[in-house]
Amino acid sequence: MLDADFFRRWLTAAAARVDREADRLTELDSAIGDADHGTNMQRGFTAVIAVLDKEAPQTPGAVLTLAGRQLISTVGGASGPLYGTLLRRTGKALGDDAEVTPGQLADALRTGVAAVAQLGGATAGDKTMLDALEPAVEALGDSTDSFAAAREAAEAGALATVPLQARKGRASYLGERSIGHQDPGATSSALLIAALAEAAEVAG
Amino acid sequence: MLDADFFRRWLTAAAARVDREADRLTELDSAIGDADHGTNMQRGFTAVIAVLDKEAPQTPGAVLTLAGRQLISTVGGASGPLYGTLLRRTGKALGDDAEVTPGQLADALRTGVAAVAQLGGATAGDKTMLDALEPAVEALGDSTDSFAAAREAAEAGALATVPLQARKGRASYLGERSIGHQDPGATSSALLIAALAEAAEVAG
Amino acid sequence: MLINVPETVVADALRGMAAAHPELSVDVENRVIVRRDAPVAGKVGLVSGGGSGHEPLHGGFVGPGMLAAACPGEVFTSPVPDQMVRAAAAVDSGEGVLFIVKNYTGDVLNFDMAAELAEDEGVRLAKVLVNDDVAVTDSLYTAGRRGTGATLFVEKIAGAAAEEGAPLERVESIARQVNENSRSFGVALSASTTPAKGSPTFDLPSGELELGIGIHGEPGRERRPMMTSREIADFAVNAVLEDLPPTSPVIVLVNGMGATPLLELYGFNAEVQRVLSERRVPVVRTLVGNYVTSLDMAGCSVTLCQVDEELLRLWDAPVETAALRWGR
Amino acid sequence: MLINVPETVVADALRGMAAAHPELSVDVENRVIVRRDAPVAGKVGLVSGGGSGHEPLHGGFVGPGMLAAACPGEVFTSPVPDQMVRAAAAVDSGEGVLFIVKNYTGDVLNFDMAAELAEDEGVRLAKVLVNDDVAVTDSLYTAGRRGTGATLFVEKIAGAAAEEGAPLERVESIARQVNENSRSFGVALSASTTPAKGSPTFDLPSGELELGIGIHGEPGRERRPMMTSREIADFAVNAVLEDLPPTSPVIVLVNGMGATPLLELYGFNAEVQRVLSERRVPVVRTLVGNYVTSLDMAGCSVTLCQVDEELLRLWDAPVETAALRWGR
């Protein structure tokens, strides 16, 4: 079972990864976007950790909902509302339970990812975060063992954005010139899923 | 004896040298000034040649006076009024004679150079065109043979500006940082004197 | 860069704006710039915003006759919904609020979220998207046309209508009309440097230029060897006219991206006017300057806005902001 | 660069200015920009000018309440006397003409020659030198202090006096007083590129800056490792205050050299205001923007102008030019 602490660990691991990889995310965004994805994610996750510390939500759902709201209120850009919606809708789907099963989390994350797709109007292959998120949630199953598979899937999905031409977000303005670069949002999504797997490993 | 044609040849040779060396003059001015001396001189001497062609003045004095007025009306900057005054006052000093002796020219040029010193308030050693002009007119004598000596003196004078600290013109704002660079105006003055020697050589 | 640290760039700028413009009420903490007399009774409030780095857009356009409030985000990052919610509350006199949103995914999403929240709080809201950039043509396969120079026209002209007391529906329809009548094309001669990245956002050798750029430091649609002012004017104006053949006179905005000297912009304007006159497009007004910028990018954009008598009258109406100011 | 060829840069810009500003009468061939209603009966005419590349100075300051005419030279090259003679003739209503001359050898010599010629033609002439730059201290061994940001103050405040109908002697003495009350200090974060040279006029590695620069792309007095906005403000404001300890409130000009984003300039203004408040110097007005530029140089300058009530009243008086516009 996954309790509020697990979700806190997940987001803490995510924040650490974002910190480590911020320059790389910005570099990727500089090739096909506006060179802010790293700082956006860093600002957002720093604020998430701070608000979680301050408000200390007690259920998985509350942790994710609060984190999502904080991202929306802190990040801006495309990734703020999208990641904010991802966490908020996932959190809402988890309800008020003090503990959730990996399978419940998988279902909730599928709801969250669907909300992202609806909000942004993107589908798989558009060269966005969905190209990492969708395969990741596909790979999630009933046990935390599946988290590692989700990580693999997300990473593969992020890598697979390289040959794609962007059809959503800023990168789409580049037309064919967007081909040959990895999507920054798909890359940060892979970080978040990797952090999930990391949290599960620690949890053992 | 030197007639109007000689003076036309002088200024034509000067214009050609200025054309050839314009980039270098600008480069020198870029180090301790505002990177326009080459274009200033080029614009000025192009206009001088055009107006001499058009108005075809018939005496040495008229050639130089017209050329000086044209420089004043075309160049701007510090060098426009200064070189304009040099030629205009030299021309005026030559009077209306159809031909003048090298000695008369030497005297007239000394008058012209004195007018430059008075107008700009500079003296030898201030790292200006005067550092080339003054030794040059010192070296001028009664025969055209002295023109070559004037050329040497002007060139030496221009070179000798390198270690000086500028006390007049834009370069003076740099203080000690003006040391180590050759003064652009002294360099262009050496070109003008070299053109004088060249005109005399052709005249034989 | 003339900054302290990247993290405080926007807050520092807002403090500096507050000091320079006592006629504005600048909430540095919450990042909202509001005209001091807001809400103005009987008048619709215009709210715009977007990433910082495009100054004077939008904060420089707050004041009588133009915006009631502006919400600056981080550099090149759209603002968060909380800002627009706060701005809407500050400027709503009961006559409603118009959100003017440049068409970028981030701006659209954040303004949409804000609109939902503000409506929940009882504000009557309308929203207009600005999407004038003809460089982005295949909009089926993109996030759609970007909002660039036309933003100034929409904010000025709709702002004049609001100042006159036009109702929300009318202000909105005028804003929409201005957007539909406007087209832009932009060119970069150098990339811009964001404070966070600290180096140019893309690599542009000095003998080349980018055609069809946006205002976020992103590369353009195509790279070419350097062109003359004349060639760029031909290319840009024709791109605009091809997309929207003019049926009425135009207002011209010759806009600098930030680092192109005004001397060059005016020279470019001469070429733009030449093309327009060759193409027999009557020009009624021309504005030249750095208005919708991309930090320290060198380059320019041309925006044409077709106007009828009413839109021209509203363009000429008094405006009193930090960056645009005329009339009485 | 956004140009055709270096040779036509100034003429192209003047054509573009003419197209954008029907309220100005622009003589492209003779390079004189005159307010359209000149000569204005009963009013002294202010004429200024200097090298191009400092736009909006001076052409952008021509209009009611400021300059009657401006004479742009080639880039960074002072204009020729013919231009000022023509301008003086165009603006002289019989009340006389004031030449406002930035203190550079070229400007001084050319304006002096023009003054002689114009006086020969019967114009009553006065002349004021602007020399506000505190970076050039040892003026015995230099061409004297340069004229920089204070030019804007002199032109605006003396222009207001002229607009009110003050006689030549009074306009001249006000101009002189404003100059004496003003000091500037400038900093470059990058060199500028002139059209003729086509490359930066000096080499400034990106981690360094130049302190005490002028506005002609020349290097400064000293090179240092990059400083923060806060450190630069401390240095610049203190340099100014040391030279002219204030005895009355100041108007502040935070001026961009051309390529520094307005976002950064406003942030810098916050630091300038902090220093002034720490030093207990009362600030009555602040202007932030690119007004006295050096082509595409990145950097800024601070100018302080001490004012009494009369000078402040004249500063606030209406002005209607391309680049400065307020009041009614």
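A few notes on this one:
Every chain is named by a letter (A, B, C and D) in the order it is written, and numbering of its residues begins at 1.
Convention: a contact is a pair of C-beta atoms (placed from the backbone, for glycine too) under 8 Å apart; a residue touches a chain by one contact, two chains touch by 3 or more.
These figures come from a predicted structure and were not determined experimentally.
Separation of chain A from chain D in touch steps, taking the shortest path, is 2.
When chain centres are set by their Cα atoms, the one at the greatest distance from chain A is B.
By number of C-beta pairs in contact, chains C-D lead all other pairings. Centre to centre, using the average C-alpha position, chain B and chain C are separated by 53 Å.
Chain centres here are Cα means. That of chain A falls 31 Å from that of chain C. Chain centres here are Cα means. That of chain A falls 73 Å from that of chain B.
Distance between chain C and chain D, defined via averaged C-alpha coordinates, is recorded as 29 Å.
For chain C, residues touching at least two other chains, in rising order: 75.
Interchain contacts link the chains end to end along an open line, per the touch definition above. Applying the touch definition to every pair of chains gives A-C, B-D, C-D.
The touching residues of chain B, when paired with chain D in their complex, are 26, 30-36, 38-40, 43, 72-82, 119-120, 165, 167-170, 172-175, 177.
Taken in their complex, chain C has these residues touching chain D: 1-5, 8-10, 12-17, 19-20, 52-53, 55-56, 60, 75, 189, 228-230, 232, 254, 258-271, 273, 283, 286-288, 290, 293, 295-296, 298-300, 325-326, 328. Within the complex, the chain C residues that touch chain A are 6, 51, 73-82, 104-106, 109-110, 113, 135-136, 138, 141-143, 146, 194, 196-197, 201-202, 214, 216-219, 221.
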